[in-house]
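Structures are listed in the sections that come next.
Below are two complexes that have chain A in common, paired first with chain B and then with chain C.
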Partner chain A sequence: MSPFRRSPVIIAATVFVYFFLYAPIVGLILYSFNASRTNVTFEGFIPAYSNRVVMDGSLVVSSPCGPFHWYCDLAKNDDVTEAAGNTLTIAFTATIIATVVGTMSALALQRYNFKMKPFSQLSLYIPIVIPEIVMGIGILTLFSQLFGWINQVLNLNGDARLALGMATVTVSHIAFMIPFVTLVVQARLQGFDKSYEEAAMDLGANEWTTFRRVTFPMILPGILSGALLAFTLSLDDFVITFFTNGPGSTTLPIYVYGLLRRTITPQVNALSTVWILVVFVAIFLLQIFQNRNSTQHS
Partner chain B sequence: MTSEFAVEMRDVVKKFITPEGHEISAVDHVTMQIKNGEFFSMLGSSGCGKTTSLRMVAGFEWTTEGEVFIEGKPMGHIPPFQRKVNTVFQSYALFQHLTVFQNVAFGLEMEHVEKEEIKQRVGRALEMVQLTGMDRRKPKQLSGGQQQRVALARALVKTPEVLLLDEPLGALDLKLRKEMQLELKALQQQLGITFIYVTHDQEEALAMSDRIAVMSHGRVQQIGSPVEVYERPVNKFVADFIGESNFLEGRINSISESEAKVFIHSLNVELIGIPISEGLVNGDEVTVCIRPEKIRIVEEDIPNQNIFCGKVANTVYIGADTHVFVNLYGIKLKVWEQNFISRLHSKLYAVGQDVCLALAPENTLVLKKD
Partner chain C sequence: MFQRLRESKSARGTLLALPTTAWLFVLLIIPLILTLIVSFGQRSPDGNVIYTFTLNNYIRLFGYSTDCPVGQASCFEPLYLNILWRSLSLAFNTTWVVVIMAYPLAYFIARAHPKKRSLYLFMVLIPLWTNFVIRVYAWMMLLRKEGAINAIIGWLMHLLNIPFVPFEMLYTPGAVLVGMVYEFLPFMILPIYTSLEKIDNSLYEAAADLGANSLKTFLRVTLPLSMPGMVAGTILVFIPVMGTFIVSDILGGRQVILVGNLIQRQFLDARDPTFGSAVSLILMVMTLIVTYFYTRKFGFGEEIVSA
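Up next is the complex of A and B:
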């Protein structure tokens, strides 16, 4: 056993890390059950002994949903459900496309040598390292210039005019997700011996069958990690979405930001709690899947 | 069979560009003809071009110049999945996500063989490599030797005309390797398939092969049976690479039809009655090669018998043999003497002891200087 294991410094550091990582999350969840509408102080849980909502100033005295009052409130909020729908639509669409493109570029970078390879590799890091706000402004400029030009050339009017919306948000998300997917898959490919593919071809499989039956199943865990990373990045992206969304494409982060500008009610906490739960379950399922895979392999 | 040769490489060159931009010839004008049903080995140290040659037969690399023929047909740019050869990889390359059964069945599925027939043939193949009952395991759950057998079964189940083996026993420990050598050889004879076997282990090549191609720097140095390459190496490289040798530089002094007198510069003596190969003439500078186990230690000097006397420099007892290093006019010769009689009863040679060495003419090889 390491002599540092029980050192008070290590214990203190550990406590600090866990405190700052999880105290805000625990607090956020706790406040989603808050009886106070203003959500500044915790006024206790909401009792459930009435079949209608009773308010006393900013305090919820009773609710048919009990402590889950704000969750019920949330479910009745059409704006939230629409924003959640938008967020998931964008995240799923963008993840699928970015995962396919990202995986293909990782495979190309791993197995071929071409003149532009160092540049291609470098260009993958640029979207990751440049400030998101710069990228957001850049994408916005691109879309407005491009759309303006196309609208003018094709003489589009009214509803036919190209404008910011779901499509522009999705395309922007795909753009910033591809490098993450590529880098994660590339890391996985490092340990992938090309003799597996040679063996498959040697046994009579053509290139496509080799990919389908051997390469793809073997790198699938890497692709899934990349996809999950991309998916969560899309779910909580604010900056780029802020610049590229339009009417009817409000996502959850944009919606929450809008709520904050008015009053923070525990509805925001309830929404965040549901969100955390969804992401947590997704990661948990992926972990189970990957563990099952690796135990089968070793 | 359309061709006398299972595989033929005709004047094959393979060039690679190094990352620094230099062009190197991994395989340099290699020609070899591998007969049907033959156990043919390519032997050489790493970087000699043996693996690249094998990969060109398999179709993983294309030739820069020259042509590879399989069953008499030029292979050109035919991809691996359309060649009637199968490979056993050094790393085995077993599909980790599939079971043993699925691994072996893979090649048959590619041929769209009926499910029932796949079951039977995979079963027979696993039986042949003594892995019956292991079919539901994953490769990682098997030992190195078992994985090796799966790789073998996976290639053999396709009933190829030619089986290519790239150092297949390299990852196994010595004892298992020896066992597998015998098994592989027996399997090859039983199936009558042509084996092309790449190895850097000379003993392995000698033990298993019908013929061996000794390679170095991308070139074939010699092709011959194990006995030929050991007993009649064509040059100093082969003599040095296979087994051990004493090399002495000399000059042909006089030559008759089949015998010559060779003057050894370093010893300042003349060896007489030496059989020589063709193409040598009087006055040629040559390298004389004598295997250490073919030198006899004798009691006394007999004139005109190629017997020379010196002092023992060192003695190393290694169980089956004793290695004696003898100082002969300033040159150290290795002599291996088999321990016919227990050394408990017959004493080892002492350092400084006077001994005479008999260099029998028939065991003395004369090689042209490279």
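Up next is the complex of A and C:
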């Protein structure tokens, strides 16, 4: 038996911290049903169903969607759809590239000795120990100076000019994702029993077959969790995207931030609620998947 | 060629690590070098960089100005030093508040029944995975004058027949602190949990057998063994707090300006990338110094990956 296990102090503190974590989220969801367009105070749920939206000043009196008025409003918002599309395109592309590249370097760092090794290992810690804004403005300076120079030398004009956009955001996301993928896969390789590989080699498999049939399947869970971590980092990223995006590459976090600086309607809350639900379902499925995996192994 | 590669393990390692090394070199190292070069440059009238070597940006940052009241050649105005100091003290305050809040929860989860642990952890992950910007917005709604906190207190006061003037909570340093604590709390819970979970139950039994009471067990067994988690958590909290500008932007308004806001404004509103680069480098140096002394004393645990 451990001490403090049933200590009322620990339990009270735990309840308080969970309350602190969830109260803002619950409030956010509640206000997504707000009848008030200005969204300053909660004016009740949007009541009756009708075939058109009836407004009284800033109050929504009735709507075809009922309490879900702001969700219907959100679905009709093309900017949101575009931002969601951009966010997913960037996250998918960047995750695939970062996972392949990151796994390769994890293998290199764990298995081989080479001249650049100390430098490679050290550079992985840069995104962890340096504030994101420092990276963000550095990358912005790089792109703006480089593009300015190329545009001038090649005499590019109008649409042909190189500018910030989807490509610059994706390339920058990959840069901060690689270290996380590498560190996660490396951790998996550290606990790896080499005798399986030796057995495969003894049975006549060459190195490539051994990797494909033995090593890769065994480190696959590590690769997948690295990829998942990278994917969520990309979805969530604000700072790097803020400094590297351009016209046409607005992501959801950037879009929401833009709204917060202007007028806020409950539509922002509806968007946040959908987002929270997607995250909830994703983590839930992941937990089930992981639990099933771990019970199969033991 | 291929034959040589197969024989030379060193070459294969280099080749496998090459894409990562190149990518990080171009997008992390070169930008940092460029920031250093630009910080010694001069702003051109149209907001571009003139590459020279001048220390003017650093002199300005440390408070010496040539733009002084009549009759003085130079003067000292610690405007930017105040911003640096404010950011540093906010990062310290956020870190200790977060440790105090995260520890009991991490302890509770680590000592819970193994079957329930994943549920409790799951409940920590949900707020963490909810987008950063959305979480700041949630606090903006709670803290404002007409917001939920004032409404609830007002309602209680009304029941007790006490006159109540709503608090001004938004756009104060306190609001920024609460926002920062909320944003980074999970980054402390997870590493502390990871190190607490590793502690073998037999250690507690041994401590009890040797006559230690629960306080003594906590101070002599639990706390020292959870240090790696706290160190990793501190790094994961302190560094981002130093550089974040959204929280202060939205919850602090124009009242609370941190280093992050200063840098962002130099690049977007004031259009002075040279001064922005200088501030950014000083920020980096400050965080590296703090991290260096901190990790040299306590080590750099593997718990850092757990979050």
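Here are a few things to note about the model shown:
As a working rule, the second predicted complex is superposed on the first by the 293 of 298 C-alpha atoms of A that agree within 3 Å, B and C clash if a C-alpha of one lies under 4 Å from a C-alpha of the other, contacts with A are read in each partner's own complex, and residues count from 1 in each chain.
One rule holds for everything that comes next: contacts are C-beta pairs under 8 Å (C-beta built on N, C-alpha and C of every residue); 3 or more make two chains touch, one makes a residue touch a chain.
Just so it is clear, the model here is predicted, and its values are computed rather than measured.
Applying the stated clash criterion after superposition on chain A shows that chain B and chain C can sit side by side. When the two complexes are overlaid on their common chain A, residue A:N51 makes contact with neither chain B nor chain C.
Looking at the shared chain after the overlay, A:V214 reaches chain B, while chain C stays out of its contact range.
By the touch criterion defined above, A:K117 reaches chain C but does not reach chain B.
Chain A has more of its residues touched by C than by the other of chain B and chain C. With the two structures brought together on chain A, the opening angle seen from the C-alpha centre of chain A toward chain B and chain C is 90°, to the nearest 10. In the superposition on chain A, A:N155 makes contact with neither chain B nor chain C.
Once the two complexes are overlaid on the shared chain, A:A199 sits against chain B while remaining clear of chain C. For the pair chain B and chain C, the minimum alpha-carbon spacing after aligning on chain A is 8 Å. When the two complexes are laid over each other on chain A, chain A has no residue in contact with both chain B and chain C. Listing the residues of chain A that touch chain B in their complex gives 193, 195-196, 198-206, 209, 213-214, 217-218, 296-298. Chain contact summary for the complex, chain C toward chain A: residues 6, 9-17, 19-21, 23-32, 34-35, 38, 49, 101-102, 104-105, 107-108, 111, 118, 122-127, 129-142, 144, 146, 148, 151, 182, 185-186, 201, 204-205, 208, 213-214, 217-218, 235-236, 239-240, 242-246, 250, 260, 263-264, 267, 273, 276-277, 280-281, 283-284, 287-288, 291, 302, 304-305. Residue ranges of chain A in contact with chain C, taken from their complex: 1-5, 7, 9-11, 13-14, 17-18, 20-25, 27-28, 31, 39-42, 101-102, 104-105, 107-109, 111-117, 119-120, 123-124, 126-135, 137-142, 145, 171-172, 174-175, 178-179, 182-184, 187, 207, 232, 235-236, 238-239, 243, 252-253, 256-257, 260, 264, 268, 272, 275-276, 279-280, 282-284, 287, 291. Here chain B touches chain A in the complex through residues 58-60, 79-81, 85-87, 89-91, 93-97, 106-107, 110-111, 138, 140, 154-155, 158, going by the rule given at the top.
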